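The structures come next, written out as structure tokens.
What follows is a pair of complexes built around chain A, which joins chain B in one and chain C in the other.
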Partner chain A sequence: MSDQIRIGVFVCDCGSNIAGYVDVKALAEYAKTLPNVVYVKENLYTCSESGINEIKAAIREQSLNRVVVASCTPRTHEPLFRGTCEEAGLNPYLFEMVNIRDQCSWVHMQERESGTNKAKDLIRMGVAKAALLEPQESIKSEMDPNALVMGGGISGMTAALALANRGYQVYLVEKQAQLGGLLLQLDTLGPSGVDAAAFAASQAELVRNHPRIRLMTSTQVKDISGYIGHFKVTTASDGKEEQFGVGVVIVATGAQILKPHGLFGYDGERVITQLELEARFKRGTFSAGNVVMIQCAGARIEERKYCSRICCMVALKNAIQIKETHPGTGVRVLYRDIQAYGTENEEMYRRARELGVIFINYDVNVPPKVHGEKVTVTHQLLGRELDLPADLVVLSTPLIAGEDNEAISKLLRVSLDENKFFLEGHVKLKPLDFATDGVYLCGNAHYPATVREAISQALGAASRASIPLAKGVMTVEPIVSTLVDEDACRGCGLCVALCPYGALEIVRTEKGRKVRVIPVACKGCGVCAATCYQHALSINSYTDRQIAEQISACLESSG
Partner chain B sequence: MSAEFEPRIVAFCCNWCAYAGADLAGVSRLQYPPNIRVIRVMCSGRISPDFILKAFQLGADGVLISG
Partner chain C sequence: MQYTTDARIIRIMCTGRVDPTMISDAFLKGADGVMVVGCHFGDCHYITGNYQGKIKVGIAARALDYVGLNPKRVFFGQCSSAEGERFVKMVTDFDKDIREIGPLGTGDRLPPPQLHEKIEVAHTALAKEKIRWVVGKFTEFTTKGNKYGERFTEHEMWRTLDTIVMDEVATYEIMRELNRGPVSVKTLSSRLKLPSAHVLKYVLALQRRGFAELAGIEGTSPLYRIARQQVDAA
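The block that comes next holds the complex of A and B.
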């Protein structure tokens, strides 16, 4: 094949979707006049079998080395046409698509002439770019088959066991000395009434005895570098550092409990939290004549707007426990809204009422007041204040984001939400993945969850994490950043600081400090290329020259 | 000067949002004036100031970056 650029342009009618609103014949005639175009074909449907065969035949017979299809949107059809090129022996990245349907014929249905002129411009721009396209090869990278699970609570233990049972080596890092996390502080788990500590202990036993889990307690993750398939982890324990490699990371670092200092006269004695109440159950020291529980203590207020979701169910569970063990004790729950979703939780709510627990709604603007042996609340229906006897006040406080979240988010380059909980990649499409490949999340690290939800999420995150592990090799589209001019790079590191995916690093070379692209981690966004004042970095198929050429072609006036 | 001013607008659209939005406008058959030419990029972060200046230099009346 000669070095001469030979572009074939295929103009699609899309039935009447394009041909009905723009002059497709005129487009085809116009395409023939463009530089480097040696072949033009109008198809009824370019994506049909006959259209595809016409592209393949033209690549062979006309020795085409670039293909342009002017039709619908590359978002749906680019993979198909790239595949067509590849089947005909042409590198799939020598293909360019021009959108003359979704962004032209369909939006200018009453303007045939100006719509046709716009389509000509778009084809001219596509042809100009196509002439500069270069072949690319997809990028393959081996996966490290090990996994890191951060956090040894119920989520972390569940995820670690799930991965280890699939045969992967798991490093489970827990900063505390003991496994179990928040479970260790709970009494029983609603709605089933399982003993929390015993459940935690049985899971911890499985973890400790698993041959594929390397348990590292009293250990902190100090540093994580790298990318999916090749993370390098540094841990520290008692001042001793250790390094190991993993392919995936699961964040199961949990949350912490808000200590309600300054709220409703909290003193840890007569005004306590639900957790402190459970500690009394566990020790068998609970006794009270009248209990008042106050929901949303420190939650759903100006400084902490979110609902912690689980506190209502905790209150229901504990109210039931008081009533079942101390039937003579009065229990009143002051609430704003009750969150008891799902059949079993709703059943707990019904059961609590049946046992005589009284629920009183309060308005956030007129919060209950705790004074002496009573709590005053403004009843919403009666419209007046009620004095409730209370020798014990229990505050339902929210879970708040873990204290290490910001540090971990920087280590892994993953996002936090406005409340400093970890933010998933997509609320529906990637609920257990981070936007950064190879990093997953589950449990309270994401958002307050019940134990059952935490376990489901942990199993899900382990399942997601095992997909790349099972594949063993990563294949990545080569639309990534490349260092096109090494000499120009001054190693300033601006691009490294701005890369949202950790796909760039500064390395020492014979020529001094230079940037190095980690192609498997790169998403091709091009922030680096736009930032580099030396123009040392570029994005494959979106180079400075290619885009500049499109701009020039756009602003030439059409014939 | 021709009777009516027809601006030429160069748009840079992020593949994952604005470009998809422009597709959706088509699917929804929303009609808008044909003065705009979209250049697809993988992220609005790809747009270096050079591109914007170049477009104006070559006579664009407006540049739209959407992402």
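The block that comes next holds the complex of A and C.
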């Protein structure tokens, strides 16, 4: 590489996503005037194959040694462009991304001129930083060839079996004494009609007999430390602790049923939940002359805004079950919206109507009232109150986030959504991965799911988890701390105590006590560099100088 | 979701990366306001990085406030990547605050040139050991306690830091003056608007550390200057 810095700037239209609101031509012209910039290209879609090829060609033909792409977010596209650089023979860390979509076109839609000026500034800042970038080599480390699966419901069992069948050792930790989760409490499963407990038992049998699954029931995960490839897990069972290491973790801890205390006169006797109804089916103790089911009991309201997804299907299944086994029993379903998505659920809805189930729409502002042997509901079309006979009221209550979710989210450093369900890394790009590497999720832990969905997710999560396991070696981003001035370091340990990942240690060297970075453990948060009074540490690709240059570039005006 | 076009974002991996001097640096280069925005507590992608970030931003804000900057120009905010509207509101409110205060040097306790000089001093102090050591120990002292097992409240830690800021700012300001040529305690006292007794204390401390030396006598007052060699060596 020649000493001279040669920066190529690629400005993306993102179709009309950027070009519709920002003057991309002006940006490209402006970029040409910036120091060290030798080549500028506007692309319709920089991330398309032709855009990528243009970058590669320019790297070779223009001998670029730094690449700046001004387009969308590095969260989704940085890996792609880094890869492009690498394929063209340029170190991937000589790449800098400028986000003129999320930070300009999307948020300044009515301000083309000042939005464009801002984009110019951002590009100038990116170019200033790019000039100072240094090549980095990624860090490699071996993977522990095994997995921890938390939760022994249908999701956890499925994921554990999938990984074990692929040849990996699996620790399956279930806090209850029995495998099966929610399925143990259900009667039959819609839409297939199979016996829920029998199905769970057959899977549990496979799990118990699998040579590569270490089943740990009545066990809690007490602590998890480490990182992808080397998680250190501590479990506790009956006060006995055990420690083992795993390469990846799958969270399949399910959800819990909302107990509707105080809702619609819930008493567990005459007013029960769908789950309690299924228990009566199972025991053969169901009997009623008139059943009223109330949908969205405690769901889609102010304090719990979300739809629990499965309750409409469950109500249809159970209404059909009643009609098929007790044709004389009246069944009325009071609903706000029936969410019978997919062909099979729609078919169940049709079948329920055929069997004489009556569906009555209610308004959230005038909810049904349960009193004595009656339910009063305001009929939306008739516009008046109806009294419905009811010796049994069944509430379709939502699934709510698992009770351990907050504790688990801290243990694994993964996020929860606003309802305390686990939050995937990205809705579309990483639906089964957490943002934290090496941790995956499936089933009700993520969001209420049917068994079929839970199984698909579990197979998917197992498949995602097996990618790093199959590679055997993992590569860590080299955006980590580096001791750039060993002489300056006094080995005081101030930084060591603050590192959230235990990635620093003090070692004896010929020059005395000095800090040492453990690169595979370091996540590059920067706390150490921001703390050291000797300015001995720096973060690759986020050095003090690079940030200072960005600040300078930011505050000199684009003119 | 739309917001002012007057904000520029510098990406860092975690608010924990924020060195207090980055904030003073931005004001030295002419920023009218600095926001540091990261994850919520307990939800930090880097576990505890944001707690450190908050302390770093806190010390920068206090030191800059002490030297005359309007403290509203420094803002520490928290929002998750799913809270776009919260972010927009934060930027919009901050933008409004800054517009009310006006450009740097208006709405602050000093006019532009003097403010700039003072911020330079704060910037130096923020880069040095004294403040950074206590900032680095902040969490340990408030949670586990110091080596004698004494635990401090956050309030006590900030009070201690305020005192250190005062000492450090005075010390580096005096060093800057001594660097400009021999000067008496009395002159220093009037230039820095500090009581002569305080100035004398700082000058003698600098002399003990070998950073200042006697340069002569003017009338009855001793004149001091910087001890170049020692300062360069340190």
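The rule is short, and it goes like this: the second predicted complex is superposed on the first by the 357 of 559 C-alpha atoms of A that agree within 3 Å, B and C clash if a C-alpha of one lies under 4 Å from a C-alpha of the other, contacts with A are read in each partner's own complex, and residues count from 1 in each chain.
Just so it is clear, contacts are C-beta pairs under 8 Å (C-beta built on N, C-alpha and C of every residue); 3 or more make two chains touch, one makes a residue touch a chain.
Note that the structure is predicted; figures quoted are calculated from it, not measured.
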| item | value |
| --- | --- |
| First (chain B), second (chain C), both or neither touched by A:Gln110 | both |
| Chain touching more of chain A, residue-wise (chain B, chain C) | C |
| Touched partner set for A:Gly289, first chain B, second chain C, both or neither | neither |
| Touching partner for A:Asp417 - first (chain B), second (chain C), both, neither | second |
| Which superposed partner A:Gly15 touches (first chain B, second chain C, both, neither) | neither |
| Which superposed partner A:Cys525 touches (first chain B, second chain C, both, neither) | both |
| Chain B versus chain C as contact partner of A:Ala435, first or second or both or neither | second |
| Which superposed partner A:Met125 touches (first chain B, second chain C, both, neither) | both |
| Contacts of A:Tyr501 with chain B and chain C, given as first, second, both or neither | second |
| Partner chain in contact with A:Thr73 - chain B first, chain C second, else both or neither | first |
| Contact residues common to both interfaces of chain A (with chain B and with chain C) | 74, 99, 103, 106-111, 114-115, 117-118, 121-122, 125, 479, 523-527, 529-531, 539, 542, 544, 547-548, 550-552, 554-555 |
| Sites on chain C touched by chain A in the complex | 1-3, 5-6, 8-14, 16-20, 22, 25-26, 29-31, 42-43, 45-49, 52-53, 56, 80, 82, 88, 127-129, 132-133, 135-137, 139-140 |
| Contact set on chain A toward chain C in their complex | 74, 99, 103, 106-111, 114-115, 117-118, 121-122, 125, 410, 413, 415, 417-418, 423, 435-436, 479, 494-495, 497-498, 500-501, 523-527, 529-535, 539, 542, 544, 547-548, 550-552, 554-555 |
| Chain A partner contacts - residues on chain B that touch it in the complex | 8, 10, 15, 19-20, 22-23, 25-27, 29-32, 34, 37-43, 45-48, 50-51, 54-55, 58-60 |
| Of chain A, residues touching chain B in the complex | 73-75, 99, 101-104, 106-111, 114-115, 117-118, 121-122, 125, 479, 523-527, 529-531, 539, 542, 544, 547-548, 550-552, 554-555 |
